[in-house]
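Down below are the structures I want you to see.
Common to both upcoming complexes is chain A, partnered first by chain B, then by chain C.
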Partner chain A sequence: MKIDRDEARRIATLAHLEFDDPALERMAGEMTKILSYIDQLREVDVAGFQWSAAADSTPLRDDVPRAPVTRDAVAANAPAFSDDGHFVVPKGIGD
Partner chain B sequence: MPGKWEAVIGLEVHARLLTSTKIFCGCSPAFGAPPNTHVCPICLGYPGSLPVLNRKAVELAVRMGLATDCEVHPRSVFARKNYFYPDLPKGYQISQFDRPIATNGRIGDVRIRRIHMEEDAGKLMHHGDGSLVDLNRAGTPLVEIVTEPDLANADDAVAYLTRLRQVLMYTGACDGNMEEGSLRCDANVSVRREGEELGTRTETKNLNSFRYVGRAIEHEIERQIAVLERGGKIDQETRLYDVATGETRVMRSKEEAHDYRYFPDPDLLTLDVEPSQIEEIRRALPELPAPRAARYQRDFGLSVKDAEALVVTKALAEYYEAVAAEAANAKAAANWVRNEVLRVLNEEKVELEEYRVTPSMLARLIKLIDSGAIGGKSAKEIFDDMSQSGEAPETIVERKGLSQISDPSAIREAAERVITANAAQVEQYRGGKQQVFGFLVGQLMKETRGKAKAELANAVLRELLDR
Partner chain C sequence: MSELLDLPWHEAQAQASPRELVDASLRAIETRDESVHAFLHVNADARGDGMPLAIKDNIVTTDMPTTCGSRILSNFTSPFDATAIARLRANGASFVGKTNLDEFAMGSSTEHSAFGPTRNPWDLSRVPGGSSGGSAAAVAARMVPAALGSETGGSVRQPAAFCGVVGLKPTYGRISRSGLVAFASSLDQIGIVTKTVRECAELLGVIAGADPLDSTSSTQPVDDYAADLASGVRGLRFGVVREAVERLEGEVRANFDEALNVLRGGGAIIEDARVPAISYAIAIYYIVANAEASANLSRFDGVRFGHRSERSKTLDDLYFHSRGEGFGAEVKRRIMLGTFALSSGYYDAYYGRAQAVRATLRGQFADAFARFDFLLTPTTPEPAFKIGAKTDDPLSMYLSDIFTAPANLVGIPAIAVPSGFSAEGLPLSLQLMAPHFGERALFRAAAFFERETEYWKRKPR
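Let's look at the complex of A and B:
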C-alpha cells in the first residue's frame, strides 16, 4: 500500500501536526515502507488458525474501591494546579 | 404543492452505570467530591498505566441490553476514539466502535440501534484566560444507548426518554439522576418534506433534562425549516442548547474530517461474556415497567393511566403490590397509592423508602374501610395522621374515637335529635318535598361527626320520618 503526499497531509492534519512539503514527502515514503511490511505479514498462511476465547479475553476486575492517589501527588506532576485543586490549562480555540 | 414538513429524530443517551468504582480503575465514581480527589495513574492517563475492566460495569451493560430486547454479543471490542481536548487526559476515550456489546433492541416502538460501553471524560470549566480541569469524572463507566431515527417530534422523544429512564432505574443500571448528569442526551434532528429523502442532520449535545430535550428539539426543527424555506441549506454540525435563550447554536462543524481514528485498544483484549452468564443475567432481571403495567390492567383491572402511574419506579410498584396483596383490594390500593401516597411524598419531599406509612399500614386502613369499621371521610383523616405520626391505623381509630357507628340504636338516637332540631325541614319532607331528605342526612352525619355508616343512617332516618 502506498501513502502519497495528500494522504500524509490528511493524517498530519488529524494528528494536529504541521509539515512542509519536503517533510510530507519524506513522511509519505516512511509510512509506505511501514505499510509494505504489513503487506509482507499478510502473506503468512494463517488458514486453520482458531481464535481461542479463553486465551485472549480481557481480564475483569471486581468492583472493589481502591484508595486514590493524594492530591499533593497529583499536583506535583501537574504543570499548573489551582489552590482549589484543579489542573489549569490554556484556554482552547473556540472556548 | 410541496408536502408538509416532518422531522426525523434519533437520540443518543449516555447513562452512568451504578458501580462502586470506575470502569478501568478502582477509583470512586461518586458525584460531588472535591476536584481531583478520585483519581489515580490510570484515570489520569499516565503513560505505562493499564486499564482493567470492571466486571460489574459489564454486568450492568448486559442487563441494559437484555432489558431493551437487544441482542447481547458474547464478544465485543474496546476501541480508542481519538480527539484532543483537556478533559481527556489520554488523548483518546476508550469506547466501543464496530463491535458494541449489544445491538438491535427496542423500547416500545422505538428501535435501539446499539448499546456500547465507554468511559466518561473529565469536567472542564472556563475560568478567566485559562480552563480548570477536574478529572474525578474521567473513567466513570457509561453506556451509550443509540436509537434508530424513529422519533417524529419532541413529545415522542420525551416519552421515549421517560421509558428509557424507567428501564435504566428498574435494572439498577443507573440512578437516573439528571441533575447530577447520570443521564445525558444528544439529539440528532433533521427535517424533510413528506415523502422526500432524509435531510442533513444536526446533533444537539448534552441535554440534561427532559424539558431541555423537548425544547431543544422543537427549536431545532423550527430553525431548520426556517433555513430551508429561505432557500438555505442545513450544515452537518454539532450544536449546543442554550438554556437561557432556549435556542441552539453551533458548537463545532462536523465537516472538517471529524475523524476519530478509531482502532481496537491494544491495552484491552476482547470482552467475552459467556452465553450462560448472559442467560443468568436475563433470569435475574426484574419485571420491567411495560409488562408490569400490562399485568396490572389485566389482573387487577386498573386503567392504563393508573397502571402507568404505579410502575414509574420499581419501589412504587413494589409498594403498591404489597398494599394490594394484603388489602385484597387492588383497585382501592391503586387509588390510595396514586392519589394519597404520591401526594404526601410530593408535598413533604420524602422518598418512598423513608415514608412512615408502610404497605401493611395502608393495607390495614383499606381493610378497615372495606369492613365498614370506618367511613371514607375518617379514612382520609386517619391516613393523614399515619403519615404524620407513623402510628398504626387501628391505634389512630382508637385514639380519635373514629370507629364508625354501626349500632342502629346509636344512630337512631342521633336521628331523633336531628328531627327535633329541624322541625321545619321535617315538615317539608313529610309534606312531599323529597329533596329535603338529603339535607337531613347531612345533618345526621354532622351529628355523628361523620361516623355513622351511610346506608344505616339513610335507613334509620327514613324509617323515623316515614313513621
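Let's look at the complex of A and C:
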C-alpha cells in the first residue's frame, strides 16, 4: 500500500495532527514501508472468520453512580478553567 | 548498605528494618541513576513498611506526577491512584520513584521518551529495551528490588531480557487496568519486574484480582502464586515453538539450546510445537495496537488536561497545535497508522483482516496448549542493541518484539527469565508462555530454571 503526501494529509486531518510539508513527506514514506510489511497478512486464508474469535468480548457493568473526582482536582490539571466550573476554550467557529 | 538490595527480598527483610531498606533504595538511586537515567521522578519522602518500588510513569499515582514520557503530560498529577497502586499502598509498599518509558509506552528501547533515553546498566552505550526500560534498568542496577511496568506487545519482557531480570506479563484481565494510561485496551496489562521469580509471584498476589473500576478485570480467584516454586518440572510438557526457533542465529540459538538442556535435566518433556501464525504477530500487532491507540489518544486534546498550545485562535487550532506540539514522532506515526487502518475504505482490508489473523493465532495457541503445559522461545531474537541503532528504522525496532507480541494478542501469561550472557557480557533470556490464568505454573517452571542457573546473582558493574 503506497501512501502519498495527499493521503498522509487526509489521515493527519482525521487524526487532528499537525505536520509541516517535509514531516508529512517523511511520514508518508514511513507509513508506506510499514504497510508493505503489514500486507503479508493478505497471504492468510481467513474465510469463515467470526469477530468473536479474535478477542473476548468486553464485559459490561451496570451503570451506577459513584463519587466523582472533585471539581478542584479536575481544575488543578486543566489548562484553563473558569471560576464557575467550566473548561475554557477558544471559539469553536472560525471568522 | 545498598548490598541489601542484592539480596532476594525475603532475606533483605530479615536483615534490615523497612526504613533502612527504603533509605538503601533512595541512596542507590542517588548514586547510580545519574548514569542510567531510569527515573523521571524520585520521591525522597517515600514512606511505608513494605517493599520500595519503582513505578512506570504511565501508571497514575497521587503523590507523584504521571507524564507517560510525553511533553503532552509534562505537568500532570492524577487525582486518584491506579488500583494496583492502591492495593500496594494498602500492603505497605513505598513508592520511591516513577520510571522512564517510551512515550505512551510506544517503543522498544526507551529512546522515544520526551525526557531523554535510559541506558542499559550492563553497557551504558546500549538501550535497556522498552517501553518499560526505566523499570527494568532500575531493578537490574539494584536501585529497587522490584518495579511495575506495563505490557502491550512485550514492554515488560523485552526490557527484562535486555537488562537480565525477571519480567511477567500476566493473563489479560488478571490485574486491573484502572489507572494504567490506555494505549491499546485489548492488549494492555500491568506487568512486574523483579530480580527473582519469588518476588514476582508474591507481588502478583498483592495486585491481582477483580476490580469494579475495570470491567475487563477477571473474577477468576487469585491463586497462591508462590505455592509451587519448589516443585520442579519433572513430567511437565514444554513445546518449543519451531517457527520462532528457526529464525535464531549464533549465541541466542546456542543459549536457547542450553536452556532446554537445563529443563530436560529436571525431567521436563520437551518436544516441537507448531504455531505457524506467530510469524504474522508483528503485522497483526501494529494494526490492532495502533488502531486502539488512535482512539485512546484522542482524549489528549489540550482541553481538559495536558499541554495546550499557545498558538490557538480557534478550537480546531487548539486540537491540531496542542497534539502537534505535545506528541513525539513515534506516537504520531502510530496514531497515523491506526487512523489509516480504521478509516473508511481500509477498515476491512487492514483492521478486519488483522483481527481475523489474530483469531487464527488464538486458535493455533489453543491447539498447542492441548498438548503442552508451556510454550518456549527466547524472549528476544538478539541481546540489547546500541543506542541509536534502530531509531531511523521503525520497522526493525518493531521486530524486536516478534517473540513477545503473540502472548498479548492471545491474552495468555508469559514470563522472561535470565538464561545467561552473550560473549560481550549482555544478558540473554528465556520466555515461557502458559495457558490463560496459568501464572502459578509459570512461576513453578521459571523458579526451577532460576534455581538451576542462578544468573540473577550476577549484577552489572
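We take it that the second predicted complex is superposed on the first by the 70 of 95 C-alpha atoms of A that agree within 3 Å, B and C clash if a C-alpha of one lies under 4 Å from a C-alpha of the other, contacts with A are read in each partner's own complex, and residues count from 1 in each chain.
Here is the rule we use: a contact is a pair of C-beta atoms (placed from the backbone, for glycine too) under 8 Å apart; a residue touches a chain by one contact, two chains touch by 3 or more.
What you are looking at is a predicted structure, and each value in this text was computed from that prediction instead of being measured.
Participant: Quick one: is A:16 in contact with chain B, with chain C, with both, or with neither? Answer first, second, both or neither.
Facilitator: After superposition on chain A, A:16 lies in contact with both partners, chain B and chain C.
Participant: For A:71, using the defined touch cut-off, is the partner it touches chain B, chain C, both, or neither? Pick first, second, both or neither.
Facilitator: A:71: touches chain B, not chain C.
Participant: Using the touch criterion from the header, give the chain among chain B and chain C with more contacted residues in chain A.
Facilitator: The partner with more contacted residues on chain A is C.
Participant: Tell me which partner A:86 touches in the superposition: chain B (first), chain C (second), both or neither.
Facilitator: first
Participant: Determine, under the contact definition given at the top, whether A:63 touches first (chain B), second (chain C), both, or neither.
Facilitator: It touches chain B, and chain C stays clear.
Participant: Enumerate the residues of chain A that count as touching chain B in its complex and touching chain C in the other.
Facilitator: In the superposed arrangement, which is not itself an observed complex, chain A uses residues 14, 16, 53, 56, 58-61, 69, 74, 80, 87, 89-92, 94 for both chain B and chain C.
Participant: Could you please specify the touching residues of chain A with respect to chain B in the complex?
Facilitator: 10, 13-14, 16, 53, 56-66, 68-69, 71, 74, 80, 82, 84-92, 94-95
Participant: What part of chain C is in contact with chain A in the complex they form?
Facilitator: 76-77, 79-80, 172, 186, 212, 215-216, 277, 280, 282-284, 286-287, 294, 298, 301-308, 312-321, 323-325, 327, 332-333, 335-337, 339-340, 343, 350, 353-360, 362-363, 394-395, 398, 411
Participant: Could you pull out which chain B residues touch chain A in their complex?
Facilitator: 19-21, 25-28, 34-41, 44, 52-58, 75, 78, 84-86, 125-126, 129-135, 252, 257, 259, 261, 268-272
Participant: Which part of chain A faces chain C closely enough to touch in the complex?
Facilitator: 3, 8, 11-12, 14-19, 27, 30-31, 33-35, 37-38, 40-42, 44, 46, 49-51, 53-56, 58-61, 69-70, 73-74, 76-80, 87, 89-94
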